[in-house]
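Here subunit A shows up in two complexes: once beside subunit B, once beside subunit C.
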Partner chain A sequence: MRIESAVALRDANRQAVAADLIVGVTVDEVDETVALWTPFKLACEQAGHRSEHSHWDWSKKARAIRGATYYTVAGVRIGTEMQGLLLWGDLFSPTARHPTQLGHDLVYVHFVSTAPWNDRELVDAPKFVGAGTLLLRTAVERSLDLGYKGRLGLHSLTKAEEFYRDKCKMIDMGIDQSHENLRYYEFTPQLAQDFLNRTGVNP
Partner chain B sequence: MAEKRTMTLNLTDEEMGLLDELSSHYDMSKTAILRKALRMYQVIDARLRKGEKLFTEDELEKKKAELVVL
Partner chain C sequence: MTKQQEQSAQMLADIEEGCVVTAGSLDVEAFYRKVEETKAQAAHGREPLLGVFSRVINMARRDHGWSIEQLAEKAGIEPIEVFRIEGALDEAPEPRIVSSLSRALKLPAGKMMQLVGHLTVLDPKVSGAAMKFAASSGSMEKLSPSEKAALNNFVKALAEE
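Here is the complex of A and B:
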C-alpha cells in the first residue's frame, strides 16, 4: 500500500509549508533519508548533542519489515527532504492494555523520528515543526480505517514522554519492565478522537 | 486511506453467529473483523505456500502444537 497526500508543516516563523505525507515509504526512500539525516546528526554529536534515539538504524528496520504487509513506514516530506518517519504495526501486534479496552486491537507505533534539524534534543530552533504530530495522526487514522476505533499504543523514550502525555494527551499506563523499562502510552477511542479534533486545524 | 468497494456476503446462521461473537468480543464492526481475517489469511497462506508450518505456543506450559492446515 502506498498513499501520498498533500499536508502542511510549520516553519520556524510558524508559517505553513506545503509537504507530502507518504504512507508506505519504501526501503530506498528510507535509505535516502538516512543518508540525508546522518551528516547533520554527526555534526550535532561532534558538538556534544545526541538524541536519545541516535542509535536507531532506520535502514535496518525498513529491511526487516520488507514484504510484511502488517508493518508500515509513514513519512512526511518537504521537497525531496524527509522531515520525519514513523513505523507502525497493525496486525499480530500487541493489544490494548487500558482496562476499558483490554485485549482489543490497536495500531502499535514502534518508532518515530523527526529529522535531526527538527529535533529539539539537537537544535534550539527546529526548522520545521509538526512532523511528529502529523505522523501520529496518520497512525490514528489507520486505526480508524481498520475498525480499531483509533486505539493506538506505544512505548516512549524518556525525553518524548512529555509530548505523548501533555501534547497528545495519551494515557500513561506506567513503566513496562518487559520493554526496556520504557513508559507505555495508549489512546482509547475517545482520546484518539479528541487528539484528532485538537490537532486537525493546526498540527 | 484506500478506497473501498462494497460486496454482498451470504453466511449461514452459524457463520453469522460467529461473526457477531467476534465483533462483540473485539469491539469491531463485522466488516472490520472480516478485513482483519482476510489480512491474517493472506499472511498465513503466503507462509504455508512457501512450505512453512503453522504452530501455536503456550508460553506458560512451554508447549508447542502444529496447526494442521488441509
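Here is the complex of A and C:
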C-alpha cells in the first residue's frame, strides 16, 4: 500500500521547503533515484570523497524485496529529486534486545541513507538537512501503527553512531559481533515517544 | 506548507545537523540471503489461519451492518482490498491493512496480526481459538435475504450473454 503525505525539509539557507513523504516507494522510483544519485556520487569519489556505503545498490535491494509485503521502502522527495531512502522490515524481523523489551516485535531498519548531496560523509554543506530523521520518524510511526509501541532497531555504520546515540537518543546495545561488528541501537517505547515529540509529532 | 510542517522541518534539521545518518549492513549479500530465507518462511507459514482471518473480517463487518465500501472507508483502505481479504487469501495482507481493519472493526490488532503471520510469536490460544472458530462458523450459516438477492443477481448476470 502506497501512502504519500506532505512534509517539509530545511534547505541550506535554513528555509523550510515542501516535500513529499512516500511510504511504498516503487522499484521504478528507486531506479530513477539511483540514476539521479550516481553521477553526483561518482563526482564526489573522483574528488577523493568516498562514503562507507558507496557500494550499496538501492535498485538491487528494491528488486530483492519485490512482492514481499513485510519489507517497505520509504523515501522523501522534493520536486522530482529523492532526498533519502529507508528500507524497513516489519515482520519476520529481529526482535527487541533491550532487557525490558526482550523478544517483542519491532520495526527493523535494514538500510537508510540520504542523497549524496545531503550526505555529510561526502559534502560539507548539505543541500537539505533532515531527510534521515524524517524517514526514521516514519519507521517509528509504522511501529506504533502495528502495535509494536514504537520499538525499532538498527545497526549504525560507524560514522553515524553519534547521530543515533546522541541525537536520536537510541539505546546503544553495543557492538554486534553477528552483524559485521556494527553497533546495534534500539528505541524502547518511551524513547520512541520522546523522539517523536522532538521531531514535531504531536502526542 | 503549514506552520506545523515548517516547525517540524526545523526540528528534524536541528537533530540531523552535522551528522552522517547511514545505517544498515555493509555486507549486502547477507541481506539478500536473509530476504530469500524470509520469503521461504513466509510462504510456509500459517496458510490455514489466513482463511480464518478472512472469515472473521467478513463476519465482523456484517455484524456492524457495513458494506465492503463502508468498511473500506472506515479503515482508510481501498474497497478492493476488503473484497480480496474476504475472498480466498493466498498470502498475508500487509500489516498496515490488518492493523487498519482491526481498528475499524474493534478487533484486537495484535491477535489479528498473529493470525496472518505478522508477529513472530503465535500464541497457542489464538491458533486454538481460530481452529475452533473455523470449525463452527462455516456451513450452518444461512444467507440473509439481501445476500440471497445479491447472489441471485450475480448468478443471473453470469447467465446473461
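The working rule: the second predicted complex is superposed on the first by the 200 of 203 C-alpha atoms of A that agree within 3 Å, B and C clash if a C-alpha of one lies under 4 Å from a C-alpha of the other, contacts with A are read in each partner's own complex, and residues count from 1 in each chain.
The rule is short, and it goes like this: contacts are C-beta pairs under 8 Å (C-beta built on N, C-alpha and C of every residue); 3 or more make two chains touch, one makes a residue touch a chain.
The shown structure was predicted, so the numbers you read here are calculated from the model rather than taken from an experiment.
**Q** Determine, under the contact definition given at the top, whether A:Lys149 touches first (subunit B), second (subunit C), both, or neither.
**A** first
**Q** Counting only touches as set out at the top, which of subunit B and subunit C does A:Glu186 meet: first, second, both, neither?
**A** Once the two structures are laid over each other on A, A:Glu186 reaches no partner at all.
**Q** Contacts for A:Leu91 in the overlay, against subunit B (first) and subunit C (second): which applies, first, second, both or neither?
**A** The answer is both, since A:Leu91 touches subunit B and subunit C.
**Q** If you stack the two complexes on chain A, which partner ends up touching A:Glu141: first (subunit B), second (subunit C), both, or neither?
**A** In the superposition, A:Glu141 contacts subunit B only.
**Q** Could you look at A:Cys168 and tell me whether it touches subunit B, subunit C, both or neither (first, second, both, neither)?
**A** Touch partner of A:Cys168: subunit C, not subunit B.
**Q** Which partner does A:Asp105 contact after superposing on A: first (subunit B), second (subunit C), both, neither?
**A** Both partners, subunit B and subunit C.
**Q** Scan A:Thr69 for contacts with subunit B and subunit C and give back first, second, both or neither.
**A** both
**Q** After overlaying the two complexes on chain A, where does the subunit B footprint on subunit A coincide with the subunit C footprint?
**A** 1, 68-70, 91-92, 103, 105, 142, 145-147
**Q** Which of the residues in subunit A end up touching subunit B in this complex?
**A** It is residues 1, 3, 68-70, 91-92, 101, 103-105, 141-142, 145-149 of subunit A that touch subunit B.
**Q** Would you mind writing out the residues of subunit C in touch with subunit A in their complex?
**A** It is residues 1, 4-13, 15-28, 31-32, 35, 38-39, 41-42, 77, 81, 91-97, 99, 109-110, 113, 117-121 of subunit C that touch subunit A.
**Q** Under the touch definition given earlier, write down the residues of subunit A that touch subunit C in their complex.
**A** 1, 6-10, 14, 16-18, 51-53, 55-57, 60-61, 64-65, 68-71, 84, 87, 89-93, 95, 103, 105, 109-114, 119-121, 129-134, 136-137, 142, 145-147, 154-157, 159-160, 162-164, 167-168, 179-180, 182, 198-202
**Q** For the complex, which residues does subunit B have touching subunit A?
**A** Contact set of subunit B toward subunit A: 1-2, 26-29, 31-33, 35-36, 39-40, 42-43.
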